[in-house]
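Accompanying notes for the structure given below.
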Amino acid sequence: MSTLDFTPDEMMTIAASRALGNDDVCFVGIGAPSAACNVARLTHAPDITLIYESGTIGTAPEALPLSIGDGELCDTALTTVSVPEMFRYWLQGGRISIGFLGAAQLDRFANINTTVIGDYDAPKTRLPGGGGAPEIASSSQEVYITMKQSKRGFVDKIDFFTSFGHGEGGDHRQRIGIKTKGPTLLITDLAIWKPDPETKELTVVSLHPGVTKDDIQATVGWTVKFADKLEETPAPTADELKVLRDLKERTRIAHEGRKVERKGEVA
Amino acid sequence: MSTLDFTPDEMMTIAASRALGNDDVCFVGIGAPSAACNVARLTHAPDITLIYESGTIGTAPEALPLSIGDGELCDTALTTVSVPEMFRYWLQGGRISIGFLGAAQLDRFANINTTVIGDYDAPKTRLPGGGGAPEIASSSQEVYITMKQSKRGFVDKIDFFTSFGHGEGGDHRQRIGIKTKGPTLLITDLAIWKPDPETKELTVVSLHPGVTKDDIQATVGWTVKFADKLEETPAPTADELKVLRDLKERTRIAHEGRKVERKGEVA
Amino acid sequence: MAKFLELKDAVSSIISSGDSVAFEGFTHLIPHAVAHEVIRQGIDELTVIRMTPDLIYDQLVGMGLVKKMIFSYAGNPGVGLLRRVRDAVENSWPRSIELEEHSHAAMANAYEAGAAGLPLAVMRGYMGAGLKDVNPNIKSITCPFSGEELAAVPALRPDVAVIHALKADRKGNVLIEGIVGVQKEAVLAAKRSIVTVEEIVDDLEAHPNACVLPHWTVTAICVVKGGAHPSYAQGYYGRDNNYYIAWDKVAADRDRFQSWMQENVVAASTNVFSERVEGLEVNQ
Amino acid sequence: MAKFLELKDAVSSIISSGDSVAFEGFTHLIPHAVAHEVIRQGIDELTVIRMTPDLIYDQLVGMGLVKKMIFSYAGNPGVGLLRRVRDAVENSWPRSIELEEHSHAAMANAYEAGAAGLPLAVMRGYMGAGLKDVNPNIKSITCPFSGEELAAVPALRPDVAVIHALKADRKGNVLIEGIVGVQKEAVLAAKRSIVTVEEIVDDLEAHPNACVLPHWTVTAICVVKGGAHPSYAQGYYGRDNNYYIAWDKVAADRDRFQSWMQENVVAASTNVFSERVEGLEVNQ
């Protein structure tokens, strides 16, 4: 961490948390999105509504869940609905302001692949698949994406269209009948990206502290566009860092669970 | 009541109750069907499942509800589901063994009208309409109908097809794609009727005690078919009568409600 | 985001003449107080949507405020016919009304589809039923897998949904319990909503899977104790069955109806509802 | 009509080789004990259906019992990939399996449609998504009212649904609470069902609108305390997160996987589940 008192991962989570507001209704994916949404809730957006696809609405976990459906999410939720209802009334019903997605592969138009590396029928790597993502991408009012930058992940051409971002760019979403905005924000460990208003190509609008344009290009498989007025992401505040680290510590303790060895123990 | 110790109405309710068994799952209409289903539950079929379209499943009211959704139905139910779920999972899902309907008009093929007398667009009498009946008639495994006989109700031609019985008879149901049996039993204040296995025309199979063929024909607007082996419906037993009368008395007391006059009193 | 408003202000700011308004409550929790406020404010040319029109639509129709009624069962439950609705349909008094008539299954599915953001509901229904012939909003689709022809009806998307619920918390989260009907669907299907409640509490004390409307799905919440009378509120007060029985006589006669409405609705205020449920309370 | 059976007898009498079986439970209440019994009995050529295949399908697939998998997310939740499923898909070890892949929304809708007795589910989905091109069971219908093209998938109608629930009463009525997932839909959609429960009680003490499966909708009920482990049972025991994390290493290696399965599943009995949740109990 040398001169800076935070990791790129922490910067990513905190930058993502800042993009969320009190009135947002977020459909939260597991991992980085979950951390960002809960940091927002524990800092500047205490009234944000967090929804996990397991059916928990208005949840406020003390520690981060390992899965999308830990008991903690239900215990602290306003209410918990069935999974069909979640996808029909709450996601398809247009009630989600921000759908928060991660990705294995991402292209310059924010199309996402989490299905396969290689050919679908004879994959090099079979990934978990889309889960809720195909409809989160089309039914949420906006989509935020958060993932670490790497040549493996930021590719010129994704192997499978798990969920549609801006397609081939421009008005491609509208042309195929999608009425929502799609990806409007990408937060990585290095930068903040937004789609160009016209072409919809992802464009770096803010570099995290200490990150150079070369660092960006070195981790991306296409020629990166930078905004004319490139900003620097404000470093995490002491308060933001404390909230995030306390949350991670509570999470660590919570997931440690039981210590006794028993029959059928896998470890 | 002269020589007999019960009314035709009591005979109707008790005869209907006898047609129900412990394993039946009944979709119960208000009025005579509700009384019959609860008498069955309180006599020979204690484990019968009664479902009201308001969403109450496995209900066991102390007194008969006035409406399809009195609080008593929910208080005594195994569970209460939403109305969309009731019609989707429970009725359309094929889980109802007996749908119990009444009618304003009925024809010889057990088609039912509860919508209008006269022309639909300029009705002589606007009746309440179908409510759940159109789909109760097509989705229940079987339909039982209970109503009092009268020339006004038992007509040669119904004014409106609120719900489809056997259409024009024969295999008309199958021809229009309905897979359930449809009306298999009609219980009136005078007799028990069943559709002819071939033509599906309603046929009197059992006369209630003291009722003659002429009594039947005098209350029906078409030439009535009688079964070759016409039976006599066993008179209500003392136990059946006691259960029904106690139920009606509990119902009378329950519906009496509050006695105080208040502002906004309608009476 | 739910605002806490006086009923008068909620109705005047949320419902306008010409709106389509779903007043829902399946026997339980019927929003009578809101309907009476609509009558007092004379909001007219309404398209009213309700599975079981019941007394409140007898009153709204009888007062001439209704242009069109979308419904599936227009009866006084357990009592008989709705005499004011009949008079409008049969004799155009006090005005003619347009009817769009469905089955319960279709209405319930159409609300569900509205809540789910779909343009249509698909069901196995209306087979051999006459409503298909008189309601052009009953169409069909063919299942591309089985070839089966299924009924299709347009989703319901009212301008306003009006419901009565048990209680809300201070953030505006709303609890419905017991016979929940189609109220959640109606609110989620509508552009705006008014929810009257028996009380505001610190904590809903709701079961994890209870029927709760989050505060950000509701437009306005108004406390109206007894606001469902003569319908009932589970755990608060019972159904006033005698009132339903007696209504039949009030509604039977145009003059009696009008003077009753004048005295008990037009000249009354929202507070009367709490008095009307006195003696009907149940133990919670 | 629910029968109370020993798990062994329920599995042998209800699930046969070649059946389509939905094991459901969305993170919560995953029916591990039943899956292990299926493995012990070597019931094979299964079409398994599950939104989130999870460890139990890693185990069933790794043991070669699965012919086809219908699913929407094949991951170890919060941990990573399912290594046995990967090995089957990428290397056909121990056999090749057929995949029918959907989105969560489509699977949830397809169960819903199955429970509702419909042949298809209609949704706004798969827009611009690649699964449309690789799954012939994703088609479309056109709304006859709006003209909108909507996605259509066939209803799921499994031969058998397998779930773990919290408790049953002595009549066989079953209570599910907390994250209820798609279990009710799966049971109602299926021809037959096996429900394991934590306990049998005199009274479910359920909330009026709780998720309850009436006894006549369930084929067999088996008491298996801890039967969801390493998943959890709300109010009984917590999720064994470490087990999920550790599974990643077991599944990474074919030999280790096989010896683990031999020791902990094939040579084990149903009783081990109650031991496995010791120390994970939560206060009810």
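Should a chain be cited, it is by its letter among A, B, C and D, assigned in written order, with residues numbered from 1 in that chain.
The criterion applied here is as follows: contacts are C-beta pairs under 8 Å (C-beta built on N, C-alpha and C of every residue); 3 or more make two chains touch, one makes a residue touch a chain.
Computed from a predicted model, the values in this text were never measured in an experiment.
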item	value
Separation of chain D from chain A in steps, with touching chains one step apart	1
Most remote chain, CA-based centroid, reference being chain B	A
Of A-C and B-C, pair with higher C-beta contact tally	B-C
Inter-centroid spacing, chain C versus chain B (mean Cα positions, whole Å)	27
Gap in Å, rounded to a whole number, between the CA centres of chain D and chain C	39
Centre-of-Cα separation between chain B and chain A, whole angstrom	57
Residues within chain B bordering two or more other chains	74, 80-81, 88, 92, 139
Chain C, residues touching no fewer than two other chains	112, 117-118, 123-124, 148, 178, 180, 185, 208-211, 234
Pairwise touch network: line, ring, star, complete, or other	other
Chain-chain contacts as defined at top	A-C, A-D, B-C, B-D, C-D
Residues of chain C that touch chain D when the two form their complex	117-120, 122-124, 137, 139-146, 148, 150, 152, 154, 177-178, 180, 207-211, 234
In the complex, chain D residues that touch chain B	1, 112, 115-118, 173, 185, 188, 206, 208-212, 214, 216-217
Chain A - residues contacting chain C, complex	23, 25, 49, 57-58, 74-75, 77-81, 88-89, 92-95, 139
Complex contacts: residues of chain C adjacent to chain B	26-28, 51-52, 71-75, 77-79, 81-82, 85-86, 89-90, 101, 103-105, 108-109, 111-112, 123-131, 134, 148-149, 178-182, 184-185, 211, 229, 232, 234, 238-247, 249-250, 260, 264, 268, 272, 275-276, 278-280, 282
Chain B residues within the chain C interface of the complex	30-31, 53-56, 65-71, 73-74, 80-84, 86-88, 91-92, 115, 120-121, 123-135, 137-139, 160-164, 167, 172-173, 176-178, 255-260, 262-267
